[in-house]
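The next part holds the structures, each set out as structure tokens.
In what follows, chain A forms one complex with chain B and a second complex with chain C.
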Partner chain A sequence: MARTQQTGTEIPPPRDPAAPHTPPPARTRPRNRPQPRLWTWLLLPGTLWMTGFLVASLLLVATLALGTTDPLGNPRFGLNFANLTALADPAYRTVLLRSLGYALITCLISLAVAYPVAYAIALRGGRFKNLLIAAIVVPFFANYLVRMYGWSVVLSDDGPLLRTLRAIGLADDGTQILQTGVGVIAGLVYGFVVFMIIPLYAAMERMDTSLIEAGRDLYGGPLRTFLFVTVPATRQGAAAGCVLVFLPAMGDFVSAQLMGGPDQIMIGNLIQDKFFQGQNWPLGSALTMLLMAVLFLGMLGYLRRTRKDEAEATR
Partner chain B sequence: MSTPQRRRRGAERRPRFAIAVTALFFALLYLPVGVVVLFSFNSQKSLTVLDGVSLRWYSALLHDEVLLDSLGMSLRVSLVAMAGSLVLGVALALGLVRSRSRLGSFAGLIMLVPLITPEIVTGVAAMLLFKGLGITLSTTTVMLAEITFSISYVTVILRSRIAALNPEVEEAAMDLGATRRQALRLVTLPALLPSILASAVLIFALVFDDFVLAYFTTGVDPQPLSVRIYSAIRFGVQPTINAVGTLMLAGSIALIVLALAIPRLFGRRGGLDLLSGK
Partner chain C sequence: MSPEALPPTRRSFLRAGTAAALALTATGCGFASADDPAGRATAEAPIDVKVDGDLVYFNWADFVDPAVFEGFQKEYGVKVVQSNYDSMEGMAAKLNAGNRYDIIFPTAKWAERLTAGGRLRTIDHSRLRGAEAVFGGYGYFADPWYDPRSAHTVPFTMYKTGIGWRRDRLGDLTGSWNDLWNEQAKGKVFVLDDRDEVLGLGALKLGLGLTTGDHGDLARVTDTLRSLRPRLRGFSSDSYNNLLNGNADMTQAWSGDMAAMLAQAEDPTVFGFEVAREGAPVNSDCYAIPANAEHPGTAMLFIDYMLRPENVKKNIEYIGYPMPVRGTEDTYAALVEPFPQCVVTADDLGADLFFRNGDARVEQARDAAWTDVKAG
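Here is the complex of A and B:
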């Protein structure tokens, strides 16, 4: 395979367009140096590793989704669709729909939080921009469980948040955040909102701020300028952020476990349960494939959307 | 939102709403972290009342053999995953940028898989692979899974750096008599050193803190620290977790600051692009 490619690589590699000067191709140097096979060799170990571990393991999940369990509960490969049809069970459908709903709401809340934050930092951050972004990213790198645990303490019935809300009269004694869907969504937002802020911030940074001034010159109020100038100019960042938030939010099981009650389980909790408590691996695999299918559809939509955007931009 | 008076003040208008939301966001971002740190020094077991300052949870931690074993395991796993994913990832990134073979486009494609797959899926998949091969879950399986997961990060970070290198420097080295391999070792790799070091630190921090993958691929004993924390917080409040959490926070923050600072130490600006992917 590498050999047939060799003739193709005889052509000098394209120059970096950003390179300061590109002398005309008056190459007096003899081109007798063999084209490097080294680069292909460098590809090999990593590719083999990833194929062996990642691709093979994902294929295994897909295969086992069609398997069965023997009477002892051991997984058996096979070709039956019982697990896939079992997914039609209304109980699973409820959990799937709940997961979708929670993940979507998480995306929307993240957008609502990330837009002002990214806007304020990118356009008004001045020389503190990088520092502020670092201040957002650093806690995100702290252990996910420790952050979630701290968040659950903050949201707990006797925690600082509810006590403050009660003090200013926004909540009464019976108000709960933990053990409710609100708690789960709060956990998901806290966990993944950074993934929304970073791409949005990058998009705002790239944005031509004279557009905003133009919007103001044309007597657009702040809200109108924001909606009709800033949002369209940064929608690719927002779309990327939505994907980056939606993917982990759909697969998460920690938030639903720590912040929600048994009524709030998500598809991640079901998968976890099938592999650790229920010991029904084929069904767990089928649920995993269902999750992947949902996310794949979402990705497809995202790709079509961005391709359309690109086509419009280049027209 | 836009009263006439405010509009007259023109371009100097400050986006008060955005700034207020940002301030609130920062408060909520740091509140949970602050609570963990604060209560790690509490002299009582309570998570709502601060009674006095003490280090009793830290000393309890020092005597918790199980937690210390987990800490040791997490450190070992992170080191091995860091080394393994660097070797494989740097080579892969070089190959992806420079090679035009078909293998490259295939590798480029699978590189993306871990980045767009929720961790629970890669976790389940890795666990099934090990079980399917008859391998008992242990520290080794966690290491293997974490390497697989980290290669993508190394590759993504280094790819743009390698693409930004001027290949003519390498060619000049070869004109001066270096072999391609020497040019790689003596010219290209030193130029990449800051990025390689920064991604090494980043991978260490990510793997040390990783929970989902470790959860699915770990055996019985010892378990990675994050898995240990998970079982602890599921079964009621344990104040030692505040102390462990505080130490982990401090460690992660130190590592991230280091990763951000490394490119600067080498006299190049903009360590942040490591994180924002710019």
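Here is the complex of A and C:
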């Protein structure tokens, strides 16, 4: 309010009573004002649901981590710290670091893939925009497992990709994609890249395209304009995409299972094993807590970053 | 056996893909108790063999010929309500959560655990017309280790674990677990994604007990398996697809899956299946009726129906696993003619190389060893 009054005093509105000048902030202000109680009520069920189920399941996992398993495979609660000390096994550290690495690389590749796609659709899509977005999203309605299984067939030694590469001389008989790190990362990117494209697309849609023109006016080439104008203007979308890709990629176990070999096991595979093969739910829970602790650090970084961005934007 | 009858998504694929099951188990985890004397008394009461409702059936996906289901539904005027599991652990989790099924198909090891936990009804074999062909023909199952006198189970299938390989790429093998270390197959070797099977092959190669829980033994086993890692391409229970699509030159494999592969292979002669002379783990799936089954009478009828020789033969041809029913041996032998070692003999059963349950300490030691093997 103070600011409006100030503007009012500095630039006096034209003294024409027929066309009263309404300053822009006044137009947006009323949206925030009415019925704060209504919004609270609308938010309540979702918030309760999320906190209830998130907190309840977290507590369950945390207490299970201190439990044991009975002969029938039922988890039993207790105070057994063996599961936590078992995490000191260097095997877990290796696997955790590997998962972090794979998830990070997946983020970077997804960024590289998603930027041009989002850019092309948002700024050059024209009347095909919705169709193009649908073309990207609809295949992701198919079951993740089925798609990954299909992908593993595509990448197999006698599969269409390697057969084509061999035919045009880009690969020899010994070339493998499956059971290598490349295969796993290919699977992860294939699985999660859509989570990068959508937020980036949304950010580009919202972006003020006159900034790009301004960049060109200032003699920026296409690459410089992209790097110094488009990327900074859409960095919140990119950050959101990175979180949406990183979190599931870090915990994924299907890609490493179908596309990986003995040296590509990820933390998700170990957790899955504990729950399904060893029936060692307590140790699985302890591993889950470890994974969540690592992911929490990442989330914290993201939240601080977005808060800073918002603070800058509203300054 | 038509190829259409064998989609690539069977047990092994389902083992590989547990995403759905993870969600289901996570939501379905109850913590029911098995210590209930009244429940035990019901569990031991004899079951009247009569239709008492539709059959709620719980098994690996695609493990019974659909034609057999149809015949059963028509003859007894009931419906078969099917659901599937993708691991024994998943099956047990559903039972523990209190879900009610009329018939389940645990492996030997799980039959022992479920029996010990009071989770299974007793089955009076004298009420089953087909029981004689099973227990009279296969003495082993008259009093197996996992369920004394087979009081709660009837054996369903038998299988063993061996090595499947590409004859066209590797030629003949030597018939030993050492073949997995074959220099020619380097980088194209798979082992099953199964703790007991992989630790078991290491133990057998070293001449140790199949399900040892001794720390010294397990250290030797993990060392041996570590020496296999440079040759290893992966842990996968999808043995026959790996062979068929060329990813594997050699793979540890269940005999039943190899038999099922014969129906899919364009030229079966390029493949081989051998059983190691150091010993082959043997296993059996059983029919069992959970203690909380709502329609145990229909379940008894179903078991009896499944044991009719004509149905046994249909199922053998459909799933590729032999069944311990006297008079069906020729059907199986004809089916696996290219892989004669798939046949499970009385000697195989007598060797008794079953995976046994260990106490908590043993299971924990084996778990840690498996993590070491897998995570390297």
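What we mean here is this: the second predicted complex is superposed on the first by the 249 of 315 C-alpha atoms of A that agree within 3 Å, B and C clash if a C-alpha of one lies under 4 Å from a C-alpha of the other, contacts with A are read in each partner's own complex, and residues count from 1 in each chain.
Quick note on the criterion: a contact is a pair of C-beta atoms (placed from the backbone, for glycine too) under 8 Å apart; a residue touches a chain by one contact, two chains touch by 3 or more.
This is a predicted model, so every value here is computed, not measured.
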According to the stated criteria, A:L145 is in contact with first (chain B), second (chain C), both, or neither; which is it? both
Output check: A:D158 vs chain B and chain C. Expected answer is one of first, second, both, neither. What do you get? both
When both complexes are superposed, which of chain B and chain C contacts more residues belonging to chain A? B
Tell me the contact category for A:A239 with respect to chain B and chain C: first, second, both or neither. neither
Quick one: classify A:A120 as touching chain B (first), chain C (second), both or neither. first
A:T94 contacts which: chain B (first), chain C (second), both, neither? second
For A:T51, decide between first (touching chain B), second (touching chain C), both and neither. first
With both complexes superposed on chain A, which partner does A:G260 reach: first (chain B), second (chain C), both or neither? second
Look at A:Q279 in the shared chain and tell me whether it touches chain B only, chain C only, both, or neither; answer first, second, both or neither. second
Can you give me the overlap between the chain B contact set and the chain C contact set on chain A? 144-145, 149, 153, 156, 158-159, 254, 257-258, 272, 275
Residues of chain C touching chain A in the complex: 13, 16-22, 25, 29, 31-34, 87, 89-90, 92-93, 96, 113-114, 116-117, 119, 187, 193-195, 229, 232-235, 245-247, 357, 360, 363-364, 366-368, 370-372, 374-376
Given the complex, residues on chain B that touch chain A span 1-2, 7, 10-11, 13-15, 17-19, 21-22, 25-26, 28-36, 39, 47-48, 87-89, 91-92, 94-96, 98-104, 106-107, 110-111, 113-114, 116-122, 124-129, 132, 144-145, 147-148, 151, 155, 163-164, 166-168, 174-175, 180-181, 184, 205-206, 209, 211, 216, 226, 229-230, 233-234, 241, 244-245, 248-249, 252-253, 255-257, 260, 272, 275-278
Can you name the residues of chain A that touch chain C in the complex? 68-69, 71-76, 82, 86, 89, 91-92, 94-95, 144-145, 149, 153, 156-159, 176, 178-179, 254, 257-258, 260-263, 265, 269-270, 272-280, 283
Which residues of chain A touch chain B in the complex? 1-2, 5, 8-9, 13, 16, 18-19, 29, 33, 36, 38-47, 49-51, 53-58, 60-61, 64, 113, 115-117, 119-121, 123-124, 130, 133-139, 141-147, 149-151, 153-154, 156, 158-161, 190, 198, 201-202, 213, 216, 219, 221-223, 243, 247-248, 250-254, 257-258, 268, 271-272, 275, 281, 284-285, 288, 291-292, 295, 299
